[in-house]
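Residue numbering begins at 1 within each chain, and the chains themselves are lettered A, B, C, D and E in the order written.
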Amino acid sequence: ADENGYIVKATNEDSKSSDNDLVIAIEGSVSSMDPANIPDTNAISATRGVYETLVSFDDNQELVGKLAESWEISDDSLTYTFKLRQGVKFQDGTDFNAAAFKANYDRVVDKDNNLRQRRTFIIANADGSETSRVESIETPDDYTVVIKLAKAWAPFINRLTQFCMISPAALEEYGNDIMNHPCGTGPYVCTEWEEGDHTSFARNEEYWGEKPGVDTVTIREVPEAGARTAMLQTGEADFIYPTPSDQIEAIKGTDDVNILTADSNIMRYVTLNMDLEQLSDVKVRQAMNYAIDKDAYIQLMYSGYGKPATSVVPSIIGGYEEQEAYTYDVEKAKELMKEAGYEDGFKLTLWGDNTTQEIKGMTFISQQLAQIGIEVEVQPMEPATVGDKIYVDKDEAEINMWYVNWSASDFTMDGSLRSLLYSSMCPPTSANTAYFNDADFDKDLDEGLATANEEEQAKYYGDAQKIAWEACPWLFLGNDQIIYSTKSYLSGVYVSPDGAFNFANATLAQ
Amino acid sequence: MAEKLLEVKNLRTEFKRDKTWVTAVNNVSFSIQPGEILGLVGESGCGKSVTSLSVMGLLARNSKISNGEILLNGKDLLKEDKKGMRKIRGREVAMIFQEPMNSLNPCMRIEKQLTEAILLHNNFSKEEAHNRAFEVLKSVGIPEPDMTLKSYPHQLSGGMCQRVMIAMAMSCEPELLIADEPTTALDVTIQAQILELMEEIRAKKNTGILMITHDLGVVAEMCSRVVVMYAGRIVEEAPVHDLFADPKHPYTQGLIGSVPKLGSGVESLPSIPGSVPDLSVMPKGCKFAPRCKYATDICHLQEPELVSINEAGTRKCRCHLLNKSGKEA
Amino acid sequence: MSEPLLSVKNMKKTFQANGGMFSKKKLVHAVNDVSFDIYPGETFSLVGESGCGKSTTGKLIDHLIIPDSGEIWFEGKEISKLTEKEMRSLRSDIQMVFQDPYGSLNPRMKVQDLIGEPLLIHTNMSAGERLKKVHELLGTVGLSPSHGERYPHEFSGGQRQRIGIARALTVQPKLIIADEPVSALDVSIQAQVLNLLQQLQKDFNLTYLFISHDLSVVEMISDRIGVMYLGTIVETAPKKELYANPRHPYTRALLSAVPIPDPDLTKERITLKGDLPSPSNPPSGCLFHTRCPHCTEKCKTQVPTPVEIAPGHIVKCHYPELTE
Amino acid sequence: MGRYLGKRLVSTIPLLLVISFVVFMFIHMIPGDPARLIAGQDATKEDVAVVREQLGLDEPLLVQYGQYMKGLFTGDLGNSIKNGKTVAETIAPRLKPTIMLTFSSMIWAAIIGIAIGIIAAVFHGRILDYVGMVIAIAGISVPSFWLGLELIQLFSVGLGWLPTSGLETWKSYILPSLTMGAGIMAVLARFSRSSMLETMREDYVRTARAKGLSESLVVMRHAFKNSLIEIVTVAGLQIGGLLSGSVMAETVFSIPGLGRLLVDSIQLRDYKVVQALLLFFATEYILINLVVDVLYGVINPRVRYE
Amino acid sequence: MADKNTTSTINLAAAEELPKAQSKFKEFVKKFMKRKTAVISLAFIVFIILMAIIGPYVVPYDPQAPDYTAMMQGPSAAHIWGTNEYGQDVFSRLMVGTRLSLTCALTATIIGTALGVVLGLIAGFYGGIIDSLIMRCCDVLFAFPDILLAIAVVAIIGQGMVNVMIAVAVFTVPSFARIIRSATISVKQAPYVEVARSLGCSNMRILFVHIFPGTIQSMIVNFTMRVGTAILAASSLSFLGFGANVTEPDWGSMLSTGRNYLNTAPHMVLFPGILIFLTVLAFNLLGDGLRDTLDPKMN
């Protein structure tokens, strides 16, 4: 890919669209249109057509104001004050204001509503009780919102990029059926949501900001990669996402198609159960990291569209610091194995999801580790089954290795590491499946969380990364890139690093 | 003698079995006059049905007629094309079969099955065809033709089905009726009814009937002349009285002898030893020789010819012993 | 006369016949109040038209089906209510020969295994002894031991029927139920088998229940005859008596309907009207009244009782004296 | 007829009850915790517990079954765990595509399959027979997803004649129905051929020929009508198999149908949706078989009347 | 002319020449050999089975050895059917994959057949309530689309070859039970079964000596066809992500993985596809051939 992210740049730059209707073909489904109850990134993407948040990430991953014109965070990282944009109207004609924010907050934290987003604001405790992160919300005037946290919590502002504003009037009318009657402040009005097939939008003519260039947008759900590619080639779709790297060759022949990449926040790795006798020795774990040809991995899995991992988190995460690479070196790996007393290797099982892509990755790992005498049995399972086997009490744990990936949708270091490596987060509590237990690391994470000061955070988080990197609780594989393809006459649609696509500014050249 | 309605000359019909052709009917000749009932008798597998199907042009696909002529009113049926044959079938020659229950389409009402042929061969309206169907059913002695027309075959008894079959065959007033074992599947009391009916039809319409059967009793009651077949060949032909009074061929003798006669009071029967030879392993000489108690060397070596054995030429027989001595065995 | 070997008393059997898809099920009265005796060494024949219940009677006696009511005494023992297990030991005394020589031999078994099967079940003979016995029997029915190695499909109909007979003979039964053993055979073969049956009866002192629809065959082989119509026996008589002096109008019609292979013999034929009534809906009164040329009002309403008009000659008719 | 239908329908109720119970137990026996799936990998044990309680999955299994049955009789099938939609809402929009697809593929498969079968039987032993049977057996031998993908390559990408996905116009039904119907077409072709060969040997066909009917009339009016009796039965059985075919076609051609919904729901352990779907399929299967039986009676007078 | 033989009226047929005694098997073989397509199919299947046995020892490449320098190459002299995404030799993998695919399909079908046959025999023979019970159970199984049943089974007991086998076996059972039941019922009505009862055979003897052999024909025929179905089912399961998908090669997973490279490396789909197609075809043709050979009416 070139510096602008083009893998393939259309040779035919002057092609024109035959209509002003944008069709986006995606792999998964838009499984929800209630922004407070979102199961996946496709739903995030789709709801962002209709709904907006106070703050959001721009295409450079910088926080910018959206429905908030400005905001301030107090030095103790406890008080957040937002100045709201004025003159914004919901699609049902009602005003957006501080009361609307409050109404949305109240809805989300109401236990009876049973919404996924509730966890952003409420912590469930082991004894069944609950603690609220937010101590109070005040609205000194119609366009000011003051939020006081009970305890400093650095990711809070990032989390607000997920908190969409729904018209309180519509909420009043439809309650939780709001998903079938979306009503926000966004650039599009949702005209139809047929889960499993398509979601359609029309331009919101009353939009407060710059109005989109296209008349309508249709998100089509096309699970088969080949079919998506075919749609792009035939012009049935203007934008397809994701484009598996295997399809690139196929698309290249079409002269009016751009294939683009973007860095992602996805971390690909294999957890190593450090409680396991063979894996308890750091030398073994390092040997395994040395034994894996990360470049070949990226080549095989992503046709080269990715980077070998350079830390425990992708570079796009705030506080990222590059670590010294475990360069592919089978000899060194063998040496380390020998030192650890495992010259003749041993056997392990590798768990993972049962998709073709995951199996391919697991197969690769097993091929690589075979070089240093570790015989890996690949055991693909349904995601639900994997979950069942992972989240068991410590003494029942059967896990050896788990081929998995992680993306922190809030782009914070804490979101990236806490549930995966914090000592108290071992299953069944959460997903520390390496059973990594390092007091210094824990301390670094806690300190980093308690401050909103970036410099301080950088210090703690840099340290944490170093500890984890050297201890090798995982096989660090890589960070793949997002690949998507568009017709050259389409502009303004892109995929952000969290995997959500953004079509607010779509324009089709006529 | 009147002119011949049907004349079969040197008919030879073969079947393909395992890539080789076997002859099921060999050099068969006979004729039928209008209003005559000719009996064709012989044991199972001797080629009676194949002969009749050859006349109808309804042989299975793995067959061919390799020799002979079949003249119907002087017209050679073997020279007719498919379309021509279709016009003749049902219209000039009709046929009824052994299993009346299976010979009617189980999914079609009797009316449809009857009118089908009527409409095909006549320029009738549906109404006329219906009336005609009603009439023929009545003429074959069905008590409630209206009910029967509306019925499906399985709702009728075997005897009724055979009446319907006869009605169907007679519906276009054919000149020749081929009845392939028309009563074998029926009970004696019903058989009696059907035979009576056929005799009636013959008398009224002067229809020539080829009556195929293996029941010598039926032959004795119905036919005026008889052709006896064995292993695909005619072994004897004679007027019915002569045949029963004085059978010439050893097979005919055996056949007549082995039938128990009602009221004869015999306790045991003479029988023909052995069984009919298989088509593909036919003996070389006289086909009956292996079972014949009179067989001599020549019988095993050379097949005898079918020759006239009386002045009038009404009797024919195929036997070496007769030829040589000129008298009966 | 001696004690009967087999005695059937008022036996009845109805079947559930499938009705149409959209209609009710029906009851078929297959055997309706049948009684007769068979004495040792004799041949008792049942004649009648198709569906009149002959085979059912045979199967009831052979305990292949269980009668609804009535008794079956065999050698002084009531056998109709025995269980299948209790019956098994009796099976060597009663054997059956079936109509269909093609279907009644298991096509997947060698002839010697077929014939030897009853021995396997009923005796403790070793395989060698069994084979010896089988060869002996093959000889008895006019086949050679080498035939034992073959499969049924390699035999002609008459030969198969011989195999069936040999099998029935293996365990030296006292009674053989022969259900239309020759009706599937060609005349020339039929004579062979009939002769064989008679020869065997002499040689082994067998008792036959001979079932047939062919009056001329029955005449040849039987000592006494029962004529069945619609599930009941309408007339029972010694052979000579029956053929010389048939008393039931049905018997007379039946006899007159048989075609005689003699063109010179012209006889008066009684043609019956109509068809056999359906056994699921039998006529009231005398079962034969719908087709009887002498039917009266009484026949339509009253069931006739059997009367013995001569020694051993029993008729079920209101007017047994009537002649044509 | 009405009585017969009534009886048959009533007798399906216990069967459905058994099926509902089996399905319920079956589904809950499958390992995998929907609460965990919803809460996400990083959720804590406590978070998961909250979700589980909200879904009512913390009750004993039999209590859950009781509630489910209660809901079933009051017409409340519960809610999907994915997005809180009611099960009815979830399933309803998926019905049409699957049913349309099932029917369109059934129809073409039946027409073509039976036609091939008849032609092959009529030309028994000749070249047309072989060609017909090769087509038929090919239909059973090709993995359906493979066929689907190759069809897309050929007709959509290569020739550009037909759309690759979706169900907007009649054109979009062509490829998926071809994919789905291929197997059934093959089975029907083979079956109608052998059934036709059998009926063509029947005596009444010979009778029809003896009447002087033309060969086409003999075949269609006499032989085919009788073969149809058996063909209908086989066709009915095939419909059950069609639904699994629909999973493939729906996946390859991006059709939002019941098959895909079921696979997705199983993977998500969306119990309520899976239960409802399986019950729906079972009912459909039973009803189709009932229709087939009735049809069988209508075609076959021997069954209809005594 | 004098009678040569007038003595006995029982005329012994012993002297009569029967057609040459032929074992049923030989006759069957003779008839079968005439069906060219079936013979070719059988030869192909034998070849495939042979590959399953000796494949691993004769193929040109180690099917497991990756070669990242030769990824997704088209057919060439070095790799006659090209290489896959790991640079493994497609030909070698397919040949070795024969073992897994065939074992899976055959075992699954055998298990399913065995169960189905026993159930079908019992249902058909005893009839009544037992029959209803068994057939209703089969109806329940039938009512679920088979692939979904398989998914459920795999979901319950996990993924892997054995489980795919069990899954495929499970949905083989009801169809076999049905077929064997109707075969049993029709054989049960054969006169020779009644004869067996009249001879005093026990139920078990009747069932296994007289009835069971009569159903073998439909069993064999359906078995061959079901093997084809099983191969397809296993690959369909792979496609949906429930396959045997382990590192060892099998046709189904090769085909379903290959579909991702339809444009760039069509040979990765083509060859497994063709091989599956041919094998299933061969089994079906063999089934057809057997049916025709075993069907007395066809001769």
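By definition in this document, contacts are C-beta pairs under 8 Å (C-beta built on N, C-alpha and C of every residue); 3 or more make two chains touch, one makes a residue touch a chain.
Quick caveat, the model's predicted, so the values are computed rather than measured.
Contact with both subunit C and subunit D is made by B, E.
The chain with its CA mean position farthest from that of subunit B is A. A count of contacting C-beta pairs for A-D and for D-E identifies A-D as the more extensively joined pair. Work out the mean CA point of subunit B and of subunit D, and you get 53 Å between them. Averaged C-alpha coordinates give centres for subunit B and subunit E that are 48 Å from one another. With centres taken as mean Cα positions, subunit C sits 88 Å from subunit A. Residue positions of subunit E touching 2 or more other chains: 9, 11-13, 19, 155, 256, 259, 262.
Multi-chain contact residues, meaning those touching two or more other chains, occur in subunit A at positions 226, 382, 384-385.
Counting partner chains per residue, subunit B shows two or more touched chains at residues 268-273, 275. If you check the complex, the residues on subunit A that touch subunit E are 225-226, 229, 244, 246-247, 249-250, 293, 296, 299-300, 354-356, 359-360, 363-364, 366-367, 377-382, 384-385.
Listed in rising order, the residues of subunit D touching subunit B in the complex are 124-125, 202-204, 206-215, 221-222, 225-226, 229, 299-302, 305-306.
Taken in their complex, subunit B has these residues touching subunit C: 43-44, 143, 157-160, 187-193, 195-196, 214-221, 240-241, 244-245, 254-273, 275-276. Here subunit C touches subunit E in the complex through residues 59, 62, 64, 87-88, 91-92, 95-96, 98-100, 103-108, 117-118, 121-122, 139, 142-144, 146-147, 149-151, 154-155, 158-159, 162, 164, 167, 192, 195-196, 199, going by the rule given at the top. On the subunit C side of its complex with subunit B, the touching residues are 49-50, 156-159, 186-192, 194-195, 198, 213-217, 219-220, 240, 243, 253-265, 269, 271-272, 274-276.
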